[in-house]
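Letters A, B, C, D, E, F and G name the chains as they come in the text, with residue numbers starting at 1 for each one.
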Amino acid sequence: MSVNVIGEFIGALLILMGGIASVISVFGLIRLPDVYTRSHAATKSSTLAVLLTLSGTFLYFLFREQFVSVRVLLGIVFVFLTAPVAGHLLVRAAYRSKVELADISTEDALKEVLYKDELKNDGVSDKS
Amino acid sequence: METLITVLVGLLVTIAVYLLLSRNLIRVILGTALLSHAAHLLLMTMGNGLKKGSAPLLGENAASYVDALPQALILTAIVISFAVTAFLLVLAYRTYKKTGTDDLYALRGLDDE
Amino acid sequence: MLTITLSIFIPFLAAIFIPLIYKRIHSRHIGWFVIIVPIALFIFLASYIPSIANGSTYMHTIRWIETAGIHFTTYLDGLSLIFGLLITGVGSLVILYSIYYLSERESLGRFYVYLLLFMGAMLGVVLSDNLMVLYVFWELTSISSFLLIAFWYHRKKSRYGAQKSMLITVSGGIAMLAGFIMLQSMTGSFSVRDIVATIGQYTDEPLFLVALLLVLLGAFTKSAQFPFHIWLPDAMEAPTPVSAYLHSATMVKAGIYLVARFTPIFGGEAMWLYIVSGVGVFTLLIGSLNAVKQTDLKALLAYSTISQLGLVMSLFGLGSVALHHGYSPDSVIYTQATFAALFHLINHSTFKGALFMVVGIVDHELGTRDIRRLGGLMAFMPVTFTIALIGSFSMAGLPPFNGFLSKEMFFEALVNARNLEVFSTGTMGTLVLVVAWIASVFTFVYSMIIVFQTFFGEFHPERVEKPINEASKGMLVAPSVLAILVVGIFFFPNVIGNYLLRPAMAAIYPTFAGAEGLTPHIKAWHGFNTALWMTIGVVVLGTILYRFMRYWKGVYSFAPFKWNLDTAFNASLSWLENGSRYLTRLYMKGYLKDYLVYIFVFFVLTVGGSILYTGSYSFDFSDDSPIAINEFLIVLSMAGAALSMLFVKSRMTAIILNGVLGYSIALLFVIFRAPDLALTQTVVETVTTALFLLCFYFLPEWKKERSARKTKISNGIIAILAGTIVTVLGLAVQGNKLFESISVYFEDAYRLAGGKNIVNTILGDFRAFDTMLEVVVLFIAGIGVFTLIKLKSKKEEQDIEDQ
Amino acid sequence: MPAQLLLNLFIAFLWMTLMDEDELKFTTFFAGFLVGIGIIFFMHRFFGTQFYLRRLVKTIKLLFIFISELTQSSIVVLGQILSPKLKIKPGIFKYETVLKSDVEVTMLSLLLTLTPGSVVMEVSPEGDTLYIHAMDVEESRAGLIKQLKNFEKAIMEVTR
Amino acid sequence: MKINDVILKTVTRIVAFIILTFGVELFLSGHNNPGGGFIGGLVLSSAFVLLYLVNDIETVRKGIPFDFKKIAAIGVLLAVGSGVGSVLFGKHFLTQAFSHFDLPIFGVTELSTVILFEAGVALTVVGVVVTIILSISEDV
Amino acid sequence: MNNILVMPMIIPLLTGIILIFLRTRTNSQRVFSVLSIIATITVSIVILNKIQHEGILRLDFGGWLPPYGILFVADSFSMLLVITTSIVTGILLIYAFSSIGKQHESMFFYPFIFFLVAGVNGSFLTGDLFNLFVCFEVMLLSSYVLITMGGRKIQLVESIKYVTINVLSSWFFLIGIAYLYGTVGTLNMAHLSVRIAEVGQGPLLTVISLMFLIVFSLKAGLLLYFWLPNSYSAPPTIVAALFGALLTKVGIYAMFRIFTLIFYHETVITHTVIGIMAILTMIGGSIGALAYNDIRKIVSYNVVIAVGFILAGLAMSSEIAFQGAIYYLIHDMIVKALLFLIAGTMIYLTGKSKIEEMSGLIRNYPMLGWLFFITMLSLTGIPPLSGFIGKVYLGQGAIETGSYLLLAVAFMSGIFVLYSLLRIFLNCFWGETIINEDDDVPLKKGMLIPCVLLAIMTVAIGIGVEGLAPYVSDAARTLMNPDIYIEAVLQGNR
Amino acid sequence: MIEMMLTVSLILFSITISIAIIRIVLGPSMPDRVLALDMIGVNLIATIAVVSIILKTKAFLEVILILGILSFIGTIAFSRAIERGVIVERKRDR
């Protein structure tokens, strides 16, 4: 087995792992109770699946065609850079558009800061 | 594959037509968006066959290439439908602002006597 | 000859100059300028009498629409000469009359322009040889008539009358045009002379009879024949000179002219005879019956005109039989009818013109034309009375007036007609004879009404508007001239017969040229024959009926008289408008949805229908490329996403789903090896989504569709059918690729255009023009959006177009 | 740092011209660049700042810290998702960071968000407080704070 | 509590440049690889869209003080004008010429008039997309 | 090489673009507009005459030979329409100068007009089916903008429908092209014709041809005209006039082109359908013209009637019928523009749009009244105005082909035209004058002059028909013999 | 073997996409849906990468990057819309 074949194999393996990670995350997307927890799963999908797959692809092209794909590298960097921002923005948007936390949540440090006035006025915890 | 895509096209058309026939402006616009999706896919299937040949890039030195002409046509069509959709959208919201409704039943228009 | 052609144009030229002169001489004297035209033309045409009487004809052609065979050909023969003289002669008198009749306050410039327009048009009609040119002028007469009827356009009745006449005559004209075109299609020529010469070969063509009917439709509408006569009474809203000129002496005779002109073409056809004389006789009856019940003198004259036109028409019909049989010595029996028709045509113009002018004088002097308010005028208006008497008695068919002569000939013709072979039974002929006789009785009655109820009896000053005076001399000149003619013709009928009627007969019977007896000698006295007995009967019965009119006039209130065509016409117009409104509202509801439904239904019917009809649904899946599982899954997901769009509750969800679809399509493009497409699709989809979101700020959240279940189901059915058809057609096409695509050529892109990306070379080079325009489209959209947003009409409330 | 990089490029270019070859070669340039690195490493104290490649090293170190954290917490979260019964207690907690600049705060947030189990929800207007949603706040608060400290330290090494 | 977009803004600063560079690259490589005027223009405009999303219009305008309508117009003018240009050279309308040149730094390079045409396309796309977005956004 | 062929499209296009830069300089815009429309007209006339000497001309864009590249093909038919379009637009521009207002002028009104003209002229000239689609889009997008321009409520409401329906029709066009490309594998119209003739127009191709029938019927307003009356009633006069005069004509042109050049084999199906549609259109238009009291509506339904009338000529499909249709097409473009202008001017003067709200206008505005009168007669087909000759030829065509029902309906529709317009004339121009001397809105010269010019044209064309005859008969001959067109496109490498 | 692994991962990605669509439909909140959309975008990237390998072409590598860029922009737009309604502000008050 040449180095190339091993490289290709590793690439394919990484891709397969990416696929598995992806499915697991989407499982989380279905299973988790609220958007906040689901966002964890989604961000994982982004990072892991893409990291794995693109790395696999990169390796594959590298070994198969001796081709350094700057685009794939850039793609990886890009996902790394943007996926968390996207997650952050979405969660923030969710909270600010008053999407409720799941019942099992135990703590909400934001509420007192963000909805100070409402809390004062109502005296009741009303997140919706 | 061609058959599958053609059936998908038919489904998209069905949904688009149903949306077009609704009372809500946004639904109608969505309908037009779906219609163009369908048209582009249909145009794609009308080439020399899907997936028969490689991407039409001569640099890659393949034995055969897929039909490039429909691709060029679709590209043009995509841009045009984008232009139209943009205009239609703005038109829709201007209309809403002016008339206060997005219900096409209320937007009967010129009705004299 | 060019001069004849010019004679048509002179009135038009004059019409252009009149307004200019009128600006300077703003008075009734303008009429003196105008009158030069008809007088000069009359003299000019009269100068042809001798040569025409000797059998000459004159023709002149100006090439016009070469390719269509439409030329400006004027043709002067006996028939056109009679009409030409009538037009210019009566025209001169009418203008003379109008100079005194019309007040200076009226817009005289306009009046004379219309009148000259009409005169030119009418001359055009009678002098044109080319059918299309004839049609040009034909419609022009309708138009000038329209303008003249509505001369006082602020009156509602004037407008109504104008509209009615225009609708009826123009419609007839259009029918006639179709007939003309058919004639041309058969014979290959628009020239009447050519058609007359060759028509014999085409009489068997199916179109021949259709053309005949259509041409007659034109003639009947113009000449106010039943049932198209209804416009003529309403045309009386025009100033009286106009009524005298257009609606009795000339324009209404255009239809007669047409029948005469076309007799050589259609005359041999039995149908021509049946229709022309049938309609003529019936019109004669209807007209006279209706005339009697009128109380407005002008209306009475209008019905009388209708009736008289019917008379002339029926005579032309009878005369055509001669052509049916071909020439024989017996033909005289029939040609005599034509002769009588032509003779009566002239006579009618004289006595009816005079009568109209009389009525105009009465109206002008007293401010009313209602016979119930008139009476005893004889003492105050002796000249007028004399003219009225002459005119009426002539119309009644009494000697020593020209009407007697032609009426006698009419009866004779009818008596002869009983023996016609084409009338299958003698009873039929008898029936016509009886009808005509009855009509003549009523003609007698209404003629008496004019004279006696206006000029005899007691005068009631309180019933009229103005103090009574005899009309000014100037106004009396024109009717007097006509009255003198009425008497003069009686005594010297053969001057007319030889100089005018003979050449006209030759024109109508070109094949009988020079035949014996075509022009009979007109005699006032020809012994006690059937015709004279009939006249005597008319006088006796007419006198009785007139004396006892108040006892029988009640019959007019019976249903058949009450139900008149006018009401029918008005009702049908309003029915037409309301019906149109109803029908149009039925489908023009203003809802986008309805319009889209129409389109899709049409699509389903035509495309779907033709797929079924032609059986274009043969599929061939053998060429399909294989489907990978993941591809199948993606397509399935797309289907799911698309379907969900129908049910989602929030517009943003729908947009997200649309985005999913868009991105998935990009993936499909990747799978189908279209990198450029995938790139474009992705970006465009994103920008579109952003646009949706941008606009959502302004738009409300969408509500649940509140449509009825039935609507939803029908929408669903339409949608499914549309989708199915698109699919079926798509599959059919894939199974029936007939040719290799031209796109193989583009695979040589690098050598041809120096690019390795084929799609890009197509876009940038082979089909760069598309791309250029596509950029323009995008640009227009961009600037358009800017304009749409920034340009807002500031004063919407005051905006008048927006109601 | 930019000054050092520029200087390095200049040296490389100089090197290339000094070599005076027929055509311009990337390899020559690269060689010159290496030479430049050496020169600058010896001279960097004159600039009064760190040697610029040291940041590279620190960045790589940060990357490794991140990858290890990523792997650890990934396993935790995957386990949580896949466990037959959800036993998580999610919640939002507040963390006051010692980091100052926008870039630092951003880096910290990105890293924290990338690692499973935690998402930065808000940054206070002053930029010194992060509100973090954690998948299992009870269990992993300590771990998270440790992780945050780790990241903070590594980031500061890169940026300062 | 006011929104603090520090994370987004900081990341965008980097990302926008990546997109812009990528856009230019796509535009230039279009003749032989996927890309071209349209796609390049679209990607460039998506960078602008990003900037407008992240910052407000005023801020972006300060940084990029162009009238995008004019840019679009110049683009169209270029695209159409390149066609007219070939007329002036006595060629068929819209004839694209290409040739290989030996340039100093770049070596043997293929240069084509298509590039002018494509530049027009790209400029138009950028101009139009931004015009549309700005027009709508300013309507608030 | 005939680069001049592209000029009727490129001049307006460039003008439109350049005018964008002259946004605030209204006067420069006007001067430039007039100059460039004159240039367009001149160039078009030159081309038309060139065709008479050299036969059908073509211009292969980029020098790519058909069927691979896109090309413009100029035959007499297309050039006649191009010239008419340009002239009518020029005249309408003059009207716009005094009617549209500063606000519109500084909001790119003229550029959009020019883009519209570019699209229209391009549609007339292109020899490529997909390019026709693109040219249509240029035209449509401009029309979308123009119809909404000013943003009045009614405009917005109506343009939603207008745009949606046109989007749908463009979609039909696109999938029609897709199917056709799938079957025949080419886009060049002449090449399509050759290939279809080669294998025969089988059932499938006939079905596909019906797709195009739908598209162009929608554009032309053949049977599928329901969108038209309201849309054409909403925008400013000048725009309505442009639409009424030009837009439907493009659909008609395309219909003629496609069904004489490409799908002319199965006339039993296609042309029968067209004939039935034409009849229904004339009937629908006729009753529509009587159904409303709003003059804009009446005028719009008159557009519909003319569409049916002209396409009756296509249904007859004989050379002489084609001649009639072409004459009538040219006539209708001019006179419809005139009609819309007059209607718009009436509304401008009175502030009303219903016939029962106006009266006696002729006293205050005699010229306008007589212009309307002439228009009415011309539309009715009264000779010697321009509508006459088309009617005669069409009648001859109908008789020649035995299309009597078409003949009957077509000729009867003339009566409805007359009646519908008479209602306007009698009610609005005649009758008691109800406008006070004080309220008298002055009729601007700039509004009257264009009307006069158009009226002169209808008279001039009517009388001087022979001047047009060689062009029209050449156009009809080409339509009747597709081989002439094909030969010019596919043979010889000019 | 490699082929097999690639195919399987393609299927896995497709499954993910399908399930994510279910989440879009189910919601319940808008951020949920956008999250799922984002996830689909990411999986599309992965899919395209694998397709590129299978097709042995570099033609689609641009698409990967574009998709990354645009799903980011899309998510920003959506979260802006959810958070503030308006996604591009004229002037931010700060």
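FYI, a residue touches a chain if its C-beta (ideal position, glycine included) is under 8 Å from a C-beta of that chain, and two chains touch if they have at least 3 such contacts.
Everything quoted here is computed from the prediction, not taken from an experiment.
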Smallest number of contact steps required from chain C to reach chain D = 2
Select, from B-C and C-G, the pair of chains that is joined by more C-beta pairs in contact.
-> B-C
Rounded Å distance between chain D and chain E, as computed from the means of their C-alpha atoms | 33
Centre-to-centre distance between chain F and chain A (centres being mean Cα positions), rounded to whole Å = 57
Please work out the Cα centroid separation of chain D and chain F, and write it as a whole number of Å.
-> 67
Residues of chain A that touch two or more other chains sit at 25, 27, 39, 74, 78, 81-83, 85, 88-89, 91-92, 96, 113-114
Residue numbers in chain G touching 2 or more other chains?
-> 10-11, 13, 15, 22, 30, 34, 36, 55, 57-60, 62-63, 65-66, 69-73, 76-78, 80, 82-83, 86-88
Which positions in chain C touch two or more other chains at once?
-> 581, 590, 592, 596, 671, 673, 675-676, 679-680, 683-684, 686-687, 690-691, 694-695, 697-698, 726, 730, 733-734, 740-743, 746, 756-757, 763, 765, 767-771, 774, 776-786, 788-790, 803
So which chains end up touching which?
-> A-D, A-E, A-G, B-C, B-E, B-F, B-G, C-E, C-F, C-G, D-E, E-F, E-G
Where on chain E does chain A make contact in their complex?
-> 1, 3, 7-8, 11, 14-15, 18, 22
Sites on chain F touched by chain E in the complex | 1, 3, 6, 10, 13-14, 17-18, 20-21, 59-63
Within their complex, state which residues of chain G touch chain E.
-> 59-60, 62-63, 65-66, 69-70, 72-73, 76-77, 80, 83, 86-92, 94
Chain C residues touching chain E in their complex are 675-676, 679-680, 683-684, 686-687, 690-691, 694-695, 697-698, 753-757, 760-761, 763-765, 768-769, 771-772, 775-776, 778-779, 781-783, 785-786, 789-790
For chain C, which residues count as touching chain B in their complex?
-> 581, 589-593, 596-597, 600, 621, 623-627, 631-632, 635, 638-639, 642-643, 645-646, 651, 654-655, 658, 661-662, 665, 668-669, 671-677, 680-681, 684, 687-688, 691-692, 695, 698-700, 702-703, 705-707, 715-716, 718-720, 722-724, 726-728, 730-731, 733-734, 740-743, 746-747, 749-750, 756-759, 762-763, 767, 770-771, 774, 777-778, 780-782, 784-785, 788-789, 803
